[in-house]
């Protein structure tokens, strides 16, 4: 697959945006109300907060199992660029090939079912034919035969799927992150963390271990069953709509945190939401973990009055350890100052969605 | 997550394998493909035994890539609570039944350089699916399979003809015994051992291997406990405000379900830990029969596994 | 330079390896790999064996001096193991371990003792066979100098004493995290002045 996607913005009714997540940063949301705002109340603390991953409201990021949105093509171009610069961002230990096939099947079946206008999958036994119209890909291959695809199964499907994914092998009463891809991650290294168990790769997270959050989460996940996926949110902050905030390239993007002013806050500062969903895979008994990243600028968030009030209160009251871990402690006071203009102190309604 | 998602199936075929074992094939009622699964997985079969709801776990033994149907083998237990007798006497082709999605509590460790399998009797079933899966992906294995007699050695012919150099059979009635120390002596580093069969065999294999320096993390076993029978007892369910009586051939989990109290489960055999329940008050003796709680936890009498454990005494109050 | 040593057993995060005391276990072969003051841990462990001579007759001991020059090879040589090998350095020791693993059988016990660099690199070779890492015994002794991977250039700097330190490959100023990768056998080093280039805090001696 080359970087040279045959992408014409007018194709597909102009649905897919021609935009960038680097250099010119032309990314934006056509409709900010589609953004999965992660706070259902005015304060935030770590919790397991898992819920069944079932199709949700029409017109939201929850409508389908896998959300293919207007950023799809641009994100896939960005991913291809990251992998060309650093192939270590996609890792799969040798025993995870079968889990890679499971993942490919899960994603192809979901996309072909929910977006038949863009994707199709036809099967004749193990001879499969896959069409991905937005990326201009047509591929005949034999399921479970690696020699029939241009990449190993996990990398092949990841180059066509939004979100960072990890695959967890279950052994010795815990989960081992033995495969993963990260090109839109919030500052963790797949190359360094691959091969770690559940508690090890979450080790750097403050406060949550002491509260037993990871013990409960692991216990819950070990019981995860095929056919009954679950989801939860995570979030952080990013300056500029930069998808790839990897530790590897931190010296490149780190200085952008010093550029925030009250004047450019609305445009530059983005709330970064991870919609995380987890699937038990059938053949490998592994668990696939999709960490789907959504970005929304502060100026777009405050167009929803409820979200504006709530984001101000959450950021203002967040424990200092969490603001430090999430990497925005240096700009926290400035964010609170900017957001306070949009908080009149009125009560907010429970739940995520806008009031109107 | 009480058992999770369900599969609506029809019995396609019932085959008498030998005097004790019958094989059942299930296909989905709407003709769709069943989910693939991993070797070693089981399904929980729901039975309506003349008004008594029974849910028994059975290992899936068919090839996981054959998604047109699932197969299980059931050994008749004339002294059991009745689940296997129901399967043998009343389940016939055409019947509609409900299965749980496959759950794997006995998976292969895919990092292993080699898989060494030891089966006793009906304990062969998870290995049949695992061998099918290894055959697709080229994994290296060796199987030692002991049965009471040639006639009761289910699927031995099929295994030995497909894998003549990898499958070794032993018959109790011919006084043949697995020479375990010899089998364990020269396995390459990175081998994982799996054993499924009667409790005595599992203990023998695990203790022999440990004494020979095999690490615990390379030893895997599966033993489903039948819930067993016992004296009836009364339990107060604190969260739902009900008091129930558990019958002599019923488990506490089944009695809760019969009273309309949903409780989580996966294996229904004391192994997976899903149904672990807090004991609020215990004036008497909990008869712990699970593999899940530690001996210390069992002695403390502050937790119970309702799928297999029972109670004798005056008062038991649990958090359901 | 300021000194504020970090003990190996200091409270830390969950990815930081923890070490125990070596105990003799039953086995057909005892593969014993040590460096630095790890030799003393091996001597103590062998002393606890019920059948000391039987254990030594089935032992293969590999040793190299520590990063600060400590050489206790004589203590191990006099044990009289079936095979004893003294390598000058860890890289010179590892090929022999790999060769032994190639035809080792289950029932082999692994004992690693000494610096975290030696323990981690030997463990990685053993894990590559499919042997469960949790079953490998590990005891830290002697130097606490760290093996650190620069997360930016991926180069590994051996024997890191100070925090922050300069990456020996790309030259960035790295602070040393307790986050540890068993696969890489190294701690993570992350650029300390990425957001404010040039503002590097004074180095402190944390490991030696």
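For clarity, chains are labelled A, B and C in written order, and residue numbers in each chain start from 1.
Keep this in mind: contacts are C-beta pairs under 8 Å (C-beta built on N, C-alpha and C of every residue); 3 or more make two chains touch, one makes a residue touch a chain.
All values derive from a computational prediction rather than experimental measurement.
Chemist: Hey, which chain is the most central one here, using CA centres?
Modeler: A
Chemist: Would you identify the chain whose Cα-based centre sits farthest away from the centre of subunit B?
Modeler: Of all chains, C has its centre farthest from that of subunit B.
Chemist: How many angstrom between the C-alpha centroids of subunit C and subunit A?
Modeler: Using C-alpha averages as centres, the distance is 36 Å.
Chemist: At what distance in angstrom does the C-alpha mean of subunit C lie from that of subunit B?
Modeler: 42
Chemist: Please list all residues of subunit C that touch 2 or more other chains.
Modeler: 132, 134
Chemist: Two or more other chains touching the same residue: where does that happen in subunit A?
Modeler: Correct list: 172.
Chemist: At which residue positions does subunit B touch at least two other chains?
Modeler: 109, 111, 217
Chemist: Which positions of subunit B touch subunit C when the two form their complex?
Modeler: That would be residues 109, 111-113, 184-193, 211-218 of subunit B.
Chemist: For a test of understanding, state which residues of subunit C touch subunit B in their complex under the given definition.
Modeler: 25-28, 101, 103-109, 129-132, 134-135
Chemist: So in the complex, which bits of subunit A are touching subunit C?
Modeler: 88, 172, 189, 191-196, 199-204, 209, 247-251, 254-255, 257-258, 330
Chemist: Given the complex with subunit A, which residues does subunit B contribute to the contact?
Modeler: 1, 4-5, 35-38, 41, 64-65, 101-104, 107, 109-111, 133, 136-137, 217, 264, 266, 272, 274
Chemist: Can you list the residues on subunit C that touch subunit A in the complex?
Modeler: Touching subunit A: residues 13-16, 132, 134, 149, 151-152, 154, 172, 177-184, 188, 190-191, 194-197 of subunit C.
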